[in-house]
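Pasting a structure here, questions to come.
Every chain is named by a letter (A, B, C and D) in the order it is written, and numbering of its residues begins at 1.
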Amino acid sequence: MYSFKNDYSEGAHPKILEALIASNLEQTEGYGEDHYSQKAAWLLKEMIGRDDIAVHFFVGGTQTNLTAISAFLRPHQAVIAAATGHIATHETGAIEATGHKVITVETSDGKLRMDHIQSVLDGHTDEHMVSPKMVYISNSTEVGSIYKKAELEGLSQFCKANNLLLYLDGARLGSALTSKENDMTLLDLGRLTDVFYIGGTKNGALMGEALIICNDFLKEDFRFHIKQKGALLAKGRLLGIQFEALFKDNLYFELAEHANQMAVRLQDEIKKLGFSFLISSPSNQVFPIFPNSVIEKLQEKYAFHIWEKVDDSYSAIRLVTSWATKEEAVSNFVKDLNNIVF
Amino acid sequence: MYSFKNDYSEGAHPKILEALIASNLEQTEGYGEDHYSQKAAWLLKEMIGRDDIAVHFFVGGTQTNLTAISAFLRPHQAVIAAATGHIATHETGAIEATGHKVITVETSDGKLRMDHIQSVLDGHTDEHMVSPKMVYISNSTEVGSIYKKAELEGLSQFCKANNLLLYLDGARLGSALTSKENDMTLLDLGRLTDVFYIGGTKNGALMGEALIICNDFLKEDFRFHIKQKGALLAKGRLLGIQFEALFKDNLYFELAEHANQMAVRLQDEIKKLGFSFLISSPSNQVFPIFPNSVIEKLQEKYAFHIWEKVDDSYSAIRLVTSWATKEEAVSNFVKDLNNIVF
Amino acid sequence: MYSFKNDYSEGAHPKILEALIASNLEQTEGYGEDHYSQKAAWLLKEMIGRDDIAVHFFVGGTQTNLTAISAFLRPHQAVIAAATGHIATHETGAIEATGHKVITVETSDGKLRMDHIQSVLDGHTDEHMVSPKMVYISNSTEVGSIYKKAELEGLSQFCKANNLLLYLDGARLGSALTSKENDMTLLDLGRLTDVFYIGGTKNGALMGEALIICNDFLKEDFRFHIKQKGALLAKGRLLGIQFEALFKDNLYFELAEHANQMAVRLQDEIKKLGFSFLISSPSNQVFPIFPNSVIEKLQEKYAFHIWEKVDDSYSAIRLVTSWATKEEAVSNFVKDLNNIVF
Amino acid sequence: MYSFKNDYSEGAHPKILEALIASNLEQTEGYGEDHYSQKAAWLLKEMIGRDDIAVHFFVGGTQTNLTAISAFLRPHQAVIAAATGHIATHETGAIEATGHKVITVETSDGKLRMDHIQSVLDGHTDEHMVSPKMVYISNSTEVGSIYKKAELEGLSQFCKANNLLLYLDGARLGSALTSKENDMTLLDLGRLTDVFYIGGTKNGALMGEALIICNDFLKEDFRFHIKQKGALLAKGRLLGIQFEALFKDNLYFELAEHANQMAVRLQDEIKKLGFSFLISSPSNQVFPIFPNSVIEKLQEKYAFHIWEKVDDSYSAIRLVTSWATKEEAVSNFVKDLNNIVF
């Protein structure tokens, strides 16, 4: 059984494990005040091209989202997200648990656009309603799509003009930034968002996300919030060591690129076999539509999520590739699919 | 500079790292539904002597406390703790952030006793006050003391009689259970508490705490709470692998015993040099009282916390030992102290 | 300027004021433990036909909703509501502020039906999502529609079968129960819901809502929640006195009936003048569609809410009648409308 | 049975009822946007001597405290209060329910002083602890004591110097400001606090408290918070009408002065009979110490709270006077006490 279920089925990339091993018996300060975390923060500042950003490391994505969003909003303020947004669907109400409404908007492709946000603003006009204050987007999105630079520029200007904070969930940012369709870099994110995070868990780390606070007003006392939400790791160095390993020699982008290549190959080969897709994804999640009978056969050898029923006979499945996906596994999948179909 | 600042200055015990390395490229289910986590849970059930307990793994102690306590209490209910209790002092209001008051009681030695709890119950009589529902104790406590079996039996009966839940924070449970003064085992904890956790972070793991829910009424839907609080680790296996390594061959207790031995040695040798202690600790934290000038000298070579001002000339410091504390470091400390004093 | 803006533009019905005056200098117990509140509760138990219900008085509707819903749900549980539901739109995120997600469903007429709820259940399958636990409906709804007995029977059975709590917001329950289309009584509500409230503010009281807890499991410690949410009125008798006055001689239903009659008259006369309605409402809110030019003219003499833009030339307005609406005001409105149009 | 149990045993002062009756059938805007509320706010601005303050009306004290405190604090910030403070003892954890710790300090007389606050600041030094941000005081305090102007000046300067907000709970402000020992006016409160409230419920209103926000930074969006906490009264005029009646002709102070006079008389006469007091109170709560046998006899004719056991034979009771306390009742109490004793 080979799993295309997600991008966190394996442990860490060997180089990351090596870094953990090499530093293992060294004594360091706790709670992220060690020199590894400082070094990793410095590397990220370099890549983002800004000295004045704040970098904080977290263990997981939901933890990052709930800590940051609740730290930045006042009690009456809400966050706007696509209906498919991770905070809206798959975080067990983590944002609401901190007291804030998530206002959702239906989108065609998981991407929030200015008119979506404008329609929310139009409908929230007085103190009987929550006050929309933050825009939450994911790149890549939960359905594999990515934002183009012009789109992010537009959202950024729109948010500034409307006194909204722009938050970018980068759980799969590596895949987005190394996609063939991508035209952005970390410099753009540092310039255009108020806050974003760089996901490590889904791109080769044991665990870890790096939150980047670009907006000066959001920085104050942020470590209090991390601690209060149970997110301040005692051995914080574990996150610093991993992010240093990911960013000192471009490893982060190499791993993401591999994931994307595997996804492109899967998508291309499946297309050749005559199948269509729920959405054309330029990143490491692909959503082919198969007859249910084919899906059942595939399930004998492969693990994956059934994403959506298309009609009575067809469903879309989700195949996720990662830094750890073997080329052989992709070939085998395509071969097996071919055998099932013909 | 050698650090006695805490028991999480190093990475993991080598055997734990080895287990992580060995399993690294294996694909497993996410979110703690992997076979390693199941195995670790099974090992703990064996040791606790109960099949019917629920085992959940967390990354850190504050995270464990806030998730569990908020899951188990209704909004109007409060938790009683010693004024020195970790949830009362060093979790940045994490429990209050989930909506619950922490009622504190002054104690002489960090240990909560029946009369302390009774006095809280006496003072909370109607709906204008919160309703005390849970008793929070730590073993070992934040000042190094430990509970004896008879004391825990008493608290357990008292809680049952008063319809209170008994929660034991075991961040340093290893040290408590291997202390020379200890007369309890994990079986007793499983029998006497409603819920407790076994700390891994401070006893050799990279990170990790195992929450044990003994009370049947508290088990329902608990994974929802873990996810909502951002505490459901994507690569949950990391916790399972570490706890399996800690408990399959008694490693957990060996490591804690080493920490205790180092603490005993420190305490004995310092006593021989004529110093007294803030509290006589039978576990891995010791609190010698030194003249401030001595402390300053020690700080040139050793890192530790200054715990409490005793008078204008004397202060108590905290020395923490761990699985990683070297005998040589203890000897050197004593030698250096001797040189400073004489 | 005459206002059809809402049903709380005036003070209280004179009989209610009289009751307050008559009792004014009497000393009573505070916090709702006075004999007036007990008498009012007893009257409601009589009318609902159940001795075993709990009755609690509140000052306002949002306060009632947030106190009750947060008392009854565990942290990971969510409430399902129509997208037009008051808790979803006009309570400034009050429910989310207590930690709970409001899951909304689009409806055609403000009424939640079994298939709406089933679709929510189908989409919430594991611990990565909130757990839907309560169904929130309003009667009459926020757009004036009402539930028939068969519909409520259906919802009630569905909720029981699916382990869901059924909560009915009765801010305008008087108007619903005295509507010509209504076939229910308070006895049905006591039999079919887990909890509901009877609105006084919008039906002749100075302020006040009576929360009726029918489900035994929800009663425990409820006064703690009232106090914690700042909803325990020091002079609780003010609510008891008013509800006694409303229910001892059928005043509550007489007032609501008057409001409905005024609404029927408005609706009938406007229809005769050739206008259509956004929704055909059997209760005290009516939603005629007028040309924008007509609306502007009406605004010179009448206050009301513009509810919804229908197209570039037409909008729907909301006219609300109440116990205090004068027949003359209705006649004048129709006359003025006639003059504007012809 | 005559009650000295509290200052909210009766309804409203007749002049307040008259104002409600006179305005009863007038149509006004809802939610406090009526002209009565505006007029009342204007009167208060006049008396406080500041045009730039914000005035918001609430129904009750706990509601006021929880709405204001949670609106003004960020999630990691805490409020400091005397251990006897109302928010610390008798609000069922209302502040914690909004996510904030209440840090308590033992005091001798219910009054918080600079050294109390300094000791809290000294103990809260980093992100592992909450961040103290607000100082909560009551005037008069929960044990009847009052602040002198010099004390409030000192606290005000201390708070400014330490970047703390000063919040004054004025549930019994009328009694404080008309006490013989008082040397402050509303002008001083407007000058020295960041925010305070003027209690109506305990001084002649049916219900109602006026929150005064003096600090410009705290004003923004405050009505959202009122609505979110269920505290925005639909018929908001009820509060405006009452506060206009209380402040247009000095009624507020006359009522409070009467309450104080009755308390002075009680205190003086009881002293003459040879009894001592738990605390010498200059306001409308007095705390005589009686033999338990005397208390039992008094309970046959009078209602009051037993405040505190003094020793096995003696207890302190609390007698509260109000605008409604009859001179005759005071005389009778003293007579009865005399008869019991001699």
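As a working rule, a contact is a pair of C-beta atoms (placed from the backbone, for glycine too) under 8 Å apart; a residue touches a chain by one contact, two chains touch by 3 or more.
Note that the structure is a prediction, hence the values are computed from the model and not measured.
Chains making contact with chain A as well as with chain B: C, D. The most distant chain from chain A, with centres taken as the mean of CA atoms, is D. Interface comparison, B-C versus C-D: the higher number of contacting C-beta pairs is recorded for C-D. Centres computed as Cα averages put chain A at a distance of 42 Å from chain C.
Look at where the CA atoms of chain B average out and do the same for chain C: the two points lie 51 Å apart. Between chain C and chain D the centroid-to-centroid distance comes to 34 Å (mean Cα coordinates, whole Å).
Multi-chain contact residues, meaning those touching two or more other chains, occur in chain A at positions 75-76, 91-93, 97-99, 127-128, 130, 224, 227-228, 232. Viewed as a contact network, the protein chains are fully connected, with every chain touching every other.
Listing the residues of chain D that touch chain A in their complex gives 70-71, 74-76, 98-99, 127-128, 130-131, 221, 223-228, 232. Across the complex, chain B is touched by residues 75-76, 78, 89-93, 96-102, 127-130 of chain D. On the chain C side of its complex with chain D, the touching residues are 2-3, 5-6, 8-12, 14, 17, 20-21, 23-30, 59-67, 91-94, 97, 201-202, 206-207, 224, 227-235, 237-238, 324.
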